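What follows is a short report on a single structure.
Chains: A, B, C, D, E and F, in written order; residue numbering restarts at 1 for each.
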């Protein structure tokens, strides 16, 4: 169950409202790198957690914190929209180039749909999508998903930090960047607890590795048509990172055959010409159906 | 530029076609853990690669390999659909419970839309979505995204392996599981080359860490309303995993104020009752607009 | 800022797990009538609230409560999936019709993607979509959106209640149905506070009604080609519900002209045949472009 | 069955084409507040109508009228695009700031995809989505959905009216605003016919209210961690709006337990570390599977 | 402007309701081959029509007819759902295998979301998507899009016809199949009027063909790595179908260079390791930024 | 199986980077007329091909070529983004109107999400959608889908060609336009091989035409309410294009009845008022349920 405090987790102040920056901030709310995604990713992982209790708890803690981050960003969007004007009237268009230019960078739905408030969309106006909420039921896979989310999230936050010189916004972003630092470390700590790379991989480590094809599990396969142009590196020689095999470089070559499918089913109504046998006459079961 | 061989990278054989398994295999084609996603994720990362040449090359190699995995799975779907019948005619419904039950587990579009072939959708029939293709322009963030993709992908493949006892399908999956093992190791090898966890984190490592808020970057914040119920673990004490701070546990508490936004803009047409001042009369600029 | 208690707002108990019911419950999580939608709808409305403070507070209270409802339902999904088996192996298919039939009604991603946990999707497996989060910036419009959400939500919950005879599930749904009753009343209470139907409508009431076309604002226009077949009712005569006009029935008839657009722009590359003038020769600016 | 007149329901005239306004108008065509949504919402409600015949008729009338509104808006978009130029050639970029700025506000697909015509998308370019078409099969819930649609729609139309000073566009919008006034009243008239708030609520009124949890159906639950900070109002005391209960304020508190799920299923391939029993050894059925 | 007759364009009768067939029929309503798509495709093409008036008229006629087809199919869905039961109660599950099996093939939202009526979704429950509405502003391209739609639509309708033995449904589908025959012919007639294949192609025919690369416009490029394995056919020799060139077979070979992009921008915060120059030290502008 | 050459199929050179053009190019990558769509459309058609082998081969050839076109365009996007600056800092906003205006036309995610690289989205930022990948299992329907794709694609490419005066971009587009010419011809060649229009249509030609309703298969039905206003043309008289019927013009008129659905099911919880019989009392089975 959840509770709230009306105050924000951290100060949100906008010195000079900027509707184009409001649009950019939406990426951190409703984008695939955004807070709605991490919030629900951690909460759904918690709610479906079947392993040791402590991971459920930890996920619940941080998922709950993230709701407050959406709140901070939604507030920042609204504050950046104060006084925004989407009007295309004569007094504006063609007279005030700055207003116009900024208008070009504004999300029109910030005026039309919400009357100057945040939306559950990204910086292009594309709605948040529940498919982004990843919880595999495998703790290690989920921890990587979470490190990824906090890494992409911190990259995004540093770009937003570069894009503004508003002191209030830079301060808020400096807080969010710090939290992303912690959260990266936090999910890495779980991976360390799970035994580190050598114990964790290959994920899932509960699948008997003897069942995987032993001829292909540590080979770097190249698809370059020039056999001598290879992308050699740490991944083509030496012990594999999981310690369970030896890297090898191998030119790609097909092992399988050319696939052949049966003729079309008469009920599926391909063209008649697709349903002939090798001697060129229509296959019997098609003829009967016609 | 790309080329092809008509033969498959690995053998695809279906001993006993099963349209319900065809539906499940779609998750590995068009799902968020699927091959279309990793194929395009690696290719777009390669095409946008601005770092050292060798990473572009490596991404291009593996992205190209993955096209062949989509091909294998699409073939497997078609072979599992051989002879499938979606007819709801009397001779079937109510007479052959096995056919019916399997039909319940079939994707109707495998008959209606493709005439017994694969679709660019997941196991629920939800279309592949380009938003899943992640390339941040930061190599380390991308490598985590790729380890995540291969981990979720290998978990998925092992579940598909469990769900079938068709020898051909188990063999194909055993190959794909092996490739996922390699690919997990491969992206981890890049992370090792980049200096390992302590050099790589926090991602991006090019943002001056002095600019992030120093009071919040290594604190595990709890949001539990019971202060004594804490989710202690490796993440609440000791040196941080990136080696740049010390973990600390801290009960969450708001630092920010209650947010207050300005009154609604008259042009946004809130209700009149929302546009009153503290003494209860309608604010002037609204009155004028009315 | 947000906090949590590890306990659920209300008891969630499943007496007899049923994966088909788990799939149906997803509608109440990630569907357009579901809890993710209302949760974010109320929270975004709160965060963008520009009117009197008390409405922000109230929205924040109930938005926060709804997070706990998602939690209850996600728990119910996981419990209904306990022991579920998506395997299509011989020991199951064709041997156990009940298992098979239920399997037909299961969401395969509950096994493949989450390992038996809830997803952020609806009962068809379609992901939650941020476009459903409606906050117009007009309090009355938003209250109607909220009454609508709680009405559709309560209808859904009663249907789920009918679909199960699991005592635990019926008890949980009985709680959620009760909360929907309250929430319907709560948003209606705001509409009453705003002065009731006659003061509230037409929404927005801050637009000067003199500016709307006075010939069409209280007429029920019929489009039936038989002029004597009319859909008379309360809406065709008497005082309008908002008290500001008189209902009138009127056969639909076009007032506008046939629309005519200019010829295609040469840069847009329509076919040449579309760019001829009335005498049949290609219009000059096209000819020059060719 | 449907028929048409080539003339428009109301005059559509654009005095000064403006491609940025064309983009904004798209919200009224393909947005969640737009005419495609209401058109199909009313028509699907009519086609699925199982109650008294007159509601089906009325929905069919207004649904049919709305097709003509899409037509008017699509015409308005095309007229606003007359002469638009998306070219980024030297003669334009850097020379004509007004053209450039407006271009920044134009939807590029209005040139690239349609050659200067309307699209089935919203003002951000996000396609119309069939999930927005709501028909619950409960007449009262649907009427609220329809009042909501016409309220959000009228708010949108007034904002578009504010955003332009083109006389033709203001006249067209003045007509659409008038129709929204009527349609709000019309759906409210059905609610009145159904007996008004006290008879209609809680929706659905066909569910025996005795079955809902009586301890929670008229309580306003606060989630504020400060017990004395409450959001009191009409919704916390007095008779409930539906006349069937008494409002009460109540601090939120969990009634349920901490949820506990069973251990991961071996076939789901969680990490081994998640499948240990309380004494730390791997649970038997996992060990056997490995 | 649009009008309606309460009667259906053609008889819709269901002899034996079948909820699994209702789900399949949804593909013809809200699927990419469905009637919502063609309806709006023709109407948007009409509304944006800038060529000769008669094509606008014709598109308007058929677009209007298609609304009536959606109506027929929505009615057919509702009739197929009469008496459907999604209940998972004991009296049904495990007792009545036929009911269960059919239930597995039913769309649960037909009960949960609409109370037994049609949805604006396809057979997988995926919502109709406005992106499918294609109108390029080039009449010939649009006519091909329309032939395609009617071809895929007729294929779908014949498959639905095969899948049912309900006489009423077969009769309705026989009507829709006939209309698809006409509509295929109708759009082909426009292509004939535009001068047939040789005048129409390459589309757009208003682009000066001299501007296209003359070395690549009639060559069939093979990407097969075995140069002697070629896919010869009508497309590899002889006069091109548009009569403007000669087909030629050519093994694919890159003409371009390896692409090289500039180093990452410091503001984009790639990893430091990606921003080194050839001698291995960090590039200056990055060093300054750090 | 697939292979690659690191070099591009054709030269990609950008003389003067332009981030607004980068945004426009995205339509050719991830738009419904774009290369991701055709690439997967041809590959999925190949992989599901059940007809004569040579069509599978040909589809595979061209599908593979198209991967290289995505690569070229992704490279072009990255090159157009070189040096782009999304910063909204004082040194830019209000000082440099050209930069600002271009910024208004830039996709913010090109900076925020990828650090100046291509995305799998269209020119509005809407993600590529797998539903666009059409393969019906009927070769003729698929060939029309492919001609359509190459026609819309060539129209798009000519518009992009018009929109830029960058010599490098014009050269690249001139190549892509040439390939679209070839590909249009190529799919038309298959239709010729299949016997041309008279043999191919109506698609599918394997459905016995005697089963389609003979009263409606060659009639142009008008829905115009003015019987004398008809859209006569080639499609209203003479032999049908498929040579199997005679065109006829016919005023639309309903043949079907008014649809009537049964009363709402009690378990679906419509309002009580919808469940009354003709004498106005609640229908029995509802009364019992209450």
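Simple rule for what comes next: a residue touches a chain if its C-beta (ideal position, glycine included) is under 8 Å from a C-beta of that chain, and two chains touch if they have at least 3 such contacts.
Computed from a predicted model, the values in this text were never measured in an experiment.
Novice: Could you name all chains that are in contact with subunit B and with subunit F at the same time?
Specialist: A, C, D, E
Novice: Since subunit A and subunit E are copies that touch, is their contact same (over half of the numbers shared) or different (under half)?
Specialist: Both copies touch with mostly the same residues.
Novice: With centres defined as the mean C-alpha position, give me the subunit B-subunit E separation in Å.
Specialist: The computed centroid separation for subunit B versus subunit E comes out at 26 Å.
Novice: Centre to centre, by mean C-alpha position, how many angstrom separate subunit B and subunit D?
Specialist: 27
Novice: Which subunit E residues sit where two or more other chains touch them?
Specialist: Within subunit E, residues 1-9, 32-33, 47-48, 50, 57, 60-61, 64-65, 75, 78, 87, 97, 101, 103-105, 111, 113, 115-116, 121, 124-127, 129, 131-132, 136-138, 140, 155, 158-159, 162-163, 203-204, 207, 223-225, 252, 254, 256, 259, 261-262, 264, 267-270 contact more than one other chain.
Novice: For the complex, give me every residue of subunit E touching subunit D.
Specialist: Listed in rising order, the residues are 1-9, 30, 36, 40, 43-44, 47-48, 50, 57, 60-61, 64-65, 67-68, 70-71, 74-75, 78, 113-121, 127-133, 135-138.
Novice: Enumerate the contact residues on subunit F facing subunit E in the complex.
Specialist: Touching subunit E from subunit F are residues 3, 5-12, 32-33, 54, 57-58, 60-62, 64-65, 72, 75, 78-79, 82-83, 85, 87, 111, 115-117, 126, 129, 131-132, 134, 136-138, 140-141, 144-145, 147-148, 151-152, 154-155, 158, 161, 171, 174-175, 177-182, 184-186, 188-190, 192-193, 197, 201-204, 207, 209, 211-225, 231-235, 240-242, 245, 247, 252, 254-259, 261-262, 264-265, 267-270.
Novice: In the complex, go through subunit B and note every residue touching subunit E.
Specialist: Within the complex, subunit B touches subunit E at residues 1-6, 47-52, 86-90, 93-94, 97, 100-101, 103-105, 107-109, 111-113, 115, 121, 124-127, 137-140, 194-195, 200, 203-208.
Novice: Could you pull out which subunit A residues touch subunit E in their complex?
Specialist: On the subunit A side, the touching residues are 155, 158-159, 162-163, 225, 267-269.
Novice: Contact residues on subunit A for subunit F in the complex?
Specialist: Listed in rising order, the residues of subunit A that touch subunit F are 18, 20-21, 23-24, 27, 31-33, 97-98, 101-105, 122-126, 155-156, 159-160, 162-165, 223-226, 229, 252-254, 256, 259, 261-264, 266, 268-276, 286, 289-290.
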